[in-house]
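Before we start, here is the structure in question, set down as structure tokens.
Here the chain labels run A, B, C and D in written order, and each chain numbers its own residues starting at 1.
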Amino acid sequence: MTEVFEPVIIGFTCNWCSYRAADLAGIGRMKYPPNIRLIRLMCSGRLDPTFVLKALASGADGVMISGCHPGECHYLEQNYKAMRRYHLLKRMLTQMGVEPGRVKLVWASAAEGARLASEITKMVEEVRALGPLNWPTAGAAAALPEKPAALEVPA
Amino acid sequence: MKYGYFPGCSLERNAAAYDKSARAVAEPLGMEFVEVEDWNCCGATEYISLNLLASYALSARNLAQAVRTDGLGELVAPCSACYLNLTKCDKSMRESPSLAAKVNEALAAGGLSYKPGSMRVRHLLDVIVNDIGFEALRAKVTRPLTGLKVAPFYGCFVARPGYVQFDDTEFPVTLDRLLQALGAEVVDFPLKAQCCGGHMTQISEGMGLEMIRRLVKTADDRGADLIVTICPMCQLNLDAFQGAMNRHFGLNLHVPVLYFTQMMGLAFGLDQAALGIGSELVSSRAALAAIGATPEGEAGGPPKRVKKDDKALPMPAPLMRA
Amino acid sequence: MTEKIGVYICHCGSNIAGTVDCPEVSRWAAEALKARGVVVARDYKFMCSSLGQELIEKDIKELGLTRVVVGACSPHLHEPTFRGACGRAGLNPYLCEMVSLREQVSWVHTDKAAATAKAKAVVSGGVERVIHHEPLESLRVPIHPATLIVGGGIAGIQAALEIADSGTPVYLVEREPSIGGHMAQFDKTFPTLDCSACILTPKMVTVGAHPNITMLTYAEVTNVDGFVGNFAVTIRQKPRYVKADLCNGCAVCEEKCPKKVVDEVFEAGLGYRKVIYRPFAQAVPKYPVIDRENCTFFLKGTCKACEKFCPTGAIDFEQKEEIITIQVGNIILATGFDLFDARRIPQFGLGRLPNVFSSLEFERLCNAAGPTNGRVVMRDGVTTPRAVGIVHCVGSRDKHYNNYCSSICCMQSLKFAHLVEERTGATVYNFYIDMRTPAKGYDEFYQRLLEEGVIFIRGRVAEVTDVPQRPEEEGRLVVQVEDTLIGQQRRIPLDMVILSAGLEPRHDAKQVAKMFGISCSADGWYIEKHPKLDPIATMTEGIYIAGVAQGPKDIPASVAQGAAAAARVMGRIQQKEIALEPVRASIDETRCSGCRICNNMCPFNAILYHADKAVSEVNPALCQGCGTCVAACPAGAISGTVFSDQQVLSQLEGLLLRNLQPATV
Amino acid sequence: MTSATAEASHPVTVEKKFMQQVMVNTPGETHLEMCIQCGSCGGSCPSAAEMDHTPRSLIALIRAGNFEEVLSSNTPWYCVSCYYCTVRCPQEIHITDVMYTLKRMAVHAGIKDPCAAPDFSKTFVSWVENYGRAFELGLMSMFRLRHDPLGVLRITDMAVGMVSKGRMDLAPKSIKGLKSLKAIIARAKALEVVA
């Protein structure tokens, strides 16, 4: 197998919409690359920007934040707060020289398994194109006692 | 307003009246047409039947020429076939970079290139209805077409497939409204977006003439004094082949077919000759004499909601009304 | 102290094992995560089986596990199962962490090596996270015994009766002046052809008279607050301009009212009603309403005919709308559907060609109580059609409109065909794409129609026109269609065409869903908790769905779902209280600077500020545990149970396998 | 994308191969595999009467991999490209464009003309290629003479009328940049690959 760079992406999902979208993608056997690893929060509003920084600092090459669509938040309006924090975070990251493509906000309702799957596929491609994020201490994450993962053909 | 202008082969000759009248009405409406420098045939529906890339190259050359001619970015095509081919080419090139690359590689052989999306191709009807608008039209009417019963005929390409969608794909209404703005009475013409037969008269005469018969016969049945078209191919089929059609089916229909720009010119009080009226094979003289006559009550059209005392059941109002 | 962690990897038959090397994952966990406290790791064919659960219980007892990580399906499916197992073995249920190896690994990936690698990372994340779990007690919330049912169609009626009969109070809210829904508009029901009114009206009457049912018709829910067990619902009661307590339903007012308008709702636009009206004779409740928009008195200030003739003086032009608030423990949404507006497909001619009818128009046309007393006639109101065409799949199975199959149209069309044949002897054509008659007695009905000589043409109708091409088409409607079974285009001359329009979500389904905190599918139908195993509950505790609101279905299915939703609610009421996830935020007063940033972060006003102590405090009763305040607190003084910073950050470390490097351990 | 995975996992059948060929040669995304055989196309087609197969059955034949039958069918050639099938297809299949593709594939495969249409297109194209513009009189007369000489008589009065009204040229007229146009067309044809 040819040595392709396999980025590691951390996905923060909310318990009500995007985590269920991920479940739905599974139930529908929709394929996406194995490069993403999900963390469940109750709400995208719970996302402390430092989680993202920590993820990047600890070796993730990208972070996907996802929650209910604006106006559909299980907690009424908390995803708007997530959105505001996201934009601030983006600005800060650009200041720090992190390519904008590495952190992405994706809305996905509990019905949008397909959408989430395709968004993940897209993001993995984009981050793969960007290459490894060479922050200090990074890098170790991808290194598993395994051969590099094969690129999935998303259905 | 200034537009690039793509007449196309038909308007050069058989539809010269369309070209003439289009230019004639442009002036009072404050539109300026800049004809595309040394344009070529759009390939009609024939070229793409044999070579895909070459047919795109033909249209791409025209688009490239248009960009050269003027940087306005808006290109008006009065001929529906040219309009379709030019929009199709631009759309396909926009959607497929690989195709665009190939087309440009071909253009390069002629020292040209075209950047997809750099020309917005529009049909003359679209421009007049949406840029000029009915109000401005009404303002220009000096000789309203009252008393004239017209069947608006759109043909295919303005309605379908709708690469540029400015009207309904099944029951377009813009031409109806335009003609009403000119004072004409629009008859209910359900076949208004059907096919005129295209090249059928050539490759399968019986079929072609049958398609023409349906249109002319229905317009006649619905009490139209004349049919108004927006496409030279439609005009050619319905007008030039009306005689052959009559002979073929032993009919004696006589429904003149004019361009909407000619109707506009008439309403604006322009001289008939300046509008190329008279060049149609089925003479419109008699029909046009009706102008000014007092209109009779509503012809055709869906019945209005009935009165309570009537036995008839009420029916839903149509969603789209002309 | 270091935790003793047990890791359990489920094969789920081949569902997980097919793509993930489960034995390898558990081997790896035991080895690589030993340093992190993993004392045992096992893989098993079905962890959720009783044998699988016993494995965990045994280890907890014998090895004294203090934490458990299960790698299996989605926690939304089996978290309760494994927490239960821990509980039985004497371990606090909340010390168990479940990670998804099926929905989020094996089912979405194909490369076994990569999937196995990811599975390891996911397990390691779970292990790191579980270390920081704390023993918790689930919150117990009392269930208010009353139930709100929104929508008085057959599904809502069924649910209301089931619950009311069990002895607990029900509020039934209906937007229209009478309950009954679409079923009340029908004449016959397929496949048995029993009279719709005959089977529906008794149920309606029972609802109206039931001591446990409060009917709120001509009313709409405007706001919902609170959560499962105790919702506060605001309802807007539109003014009827008729005093319910005085009206005896004699309908003299209706008779005397001088003004008639087209009834777009109950008569589907095919008939008229007075301005003071009951939608139909057997309406429940029996009192009429005045349609303010059209009432001559409200428009011109004179008339009052109804008032003059009312024998009981029940008319009250002064009546104002009322805002009612009620407390309920559970809510059932049975809001039904809208009919697809077939005018959106202009080539089918509805609204343009008089003798093209929508399916609901035809239901009224053939209804004995309808505008023609059941005479099947053309739009002129007198002529009997000789040939009638029925078009299937109108607005359904079409990417331009609705992509789904509306599921009732085939049977509905067969019913129409039978009624037309029976009442007019006309030749009837059915134009279908695929004939779908799957339920009990349905295909037999299709067979019966074939026997009755109804003509079936397989082909989606291309257009309905009044333009003749041949002499026999003169003055008639023509359906142009490809008869796909002979591969030829055909033009069928007809007198009447019926469009079997599909079912659509209510035009306001999205707003309603938002108000009740549930979600809609891409098509706009309300999403059930599980498509197969829980088609009644929603993602939101205490909110249930029944009938077509959940997706196209016919009467028997709607009734079944209404009853099922009722059973579910009754079960809840029986339990008297419900256990909720103890996901709550709390503020460490010693670290709170009183900056009040968190205060307006909370949409539930659960955070109160003590000016005296200059600190904020979370009211756990109101807190719903979204955690937004936790993320917002600059001092890090707020912590959230189950999703604490420590838990999230450690899971992160685990997922990125930082925990494997001695340096960071 | 679906077909991509399918391909990856197992060998492509004869049926699929031909269908995919047709799709590859059609610009834009068209999904013949999505056809539900409802006949909206065949029902809408104004010239269906002339066709040996309705568009729907042609799609069925494509999916059956029966390329002889498909490419020798007159159906694509009688398509008047009114696009009714395309806009009415509930599965949004670009049927008209598929018809163009089938014509090109047939010509490319050197199939015997099933009717007069191919020659009409060729004649039309030849005028465009030699002059840069269409030439109706030449087109009609030349084409008619070849296909039904008597037909010429039937349209004489029409032709005469057209000429007398000044609506028809007697000789073709050519564009200035003919050389470059020819170069462009030549290059385009060289680049054109029919799968």
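Criterion: a residue touches a chain if its C-beta (ideal position, glycine included) is under 8 Å from a C-beta of that chain, and two chains touch if they have at least 3 such contacts.
Just so you know, these numbers come straight off a predicted model, no measurement behind them.
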Subject >> Given chain A and chain D, the chains that contact each of them >> reply: C
Subject >> Between the pairs B-D and B-C, the one where more C-beta pairs touch >> reply: B-D
Subject >> Rounded Å distance, chain B centre to chain D centre (Cα mean) >> reply: 23
Subject >> Centre-of-Cα separation between chain C and chain B, whole angstrom >> reply: 48
**OP:** Could you please state the distance in Å, as a whole number, between where the Cα atoms of chain A are centred and where those of chain B are centred?
**Re:** 52
**OP:** Please report how many Å separate the Cα centroid of chain A from that of chain C, as a whole number.
**Re:** 30
Subject >> For chain A, residues that touch 2 or more chains besides their own >> reply: 31, 153
Original post:
For chain B, what residues touch not just one other chain but two or more?
Top reply: 170
Original post:
Of all the residues in chain C, which ones touch at least 2 other chains?
Top reply: 347
**OP:** Report the residues of chain C in contact with chain A in the complex, numbered from low to high.
**Re:** 74-76, 100, 102-105, 107-111, 113-118, 120-122, 125, 514, 517, 519-522, 527, 531, 539-540, 583, 601, 603-604, 624-628, 630-632, 640, 642-643, 645, 648-649, 651-653, 655-658, 660-661
Subject >> Touch list for chain B against partner chain C, complex >> reply: 168, 170-171, 190-191, 214, 218, 302-303, 305, 308, 310-320
Subject >> For the chain C and chain B complex, residues of the former touching the latter >> reply: 260, 262, 269-272, 341, 343-344, 346-347, 350-354, 358, 361, 365, 371-372, 379-382, 465-467, 469
Original post:
In their complex, what parts of chain C are in touch with chain D?
Top reply: 347, 393, 397-400, 433-434, 458-463, 480-484, 487-489
Subject >> Of chain D, residues touching chain C in the complex >> reply: 36-45, 48-49, 53-54, 56-57, 84, 88, 90-92
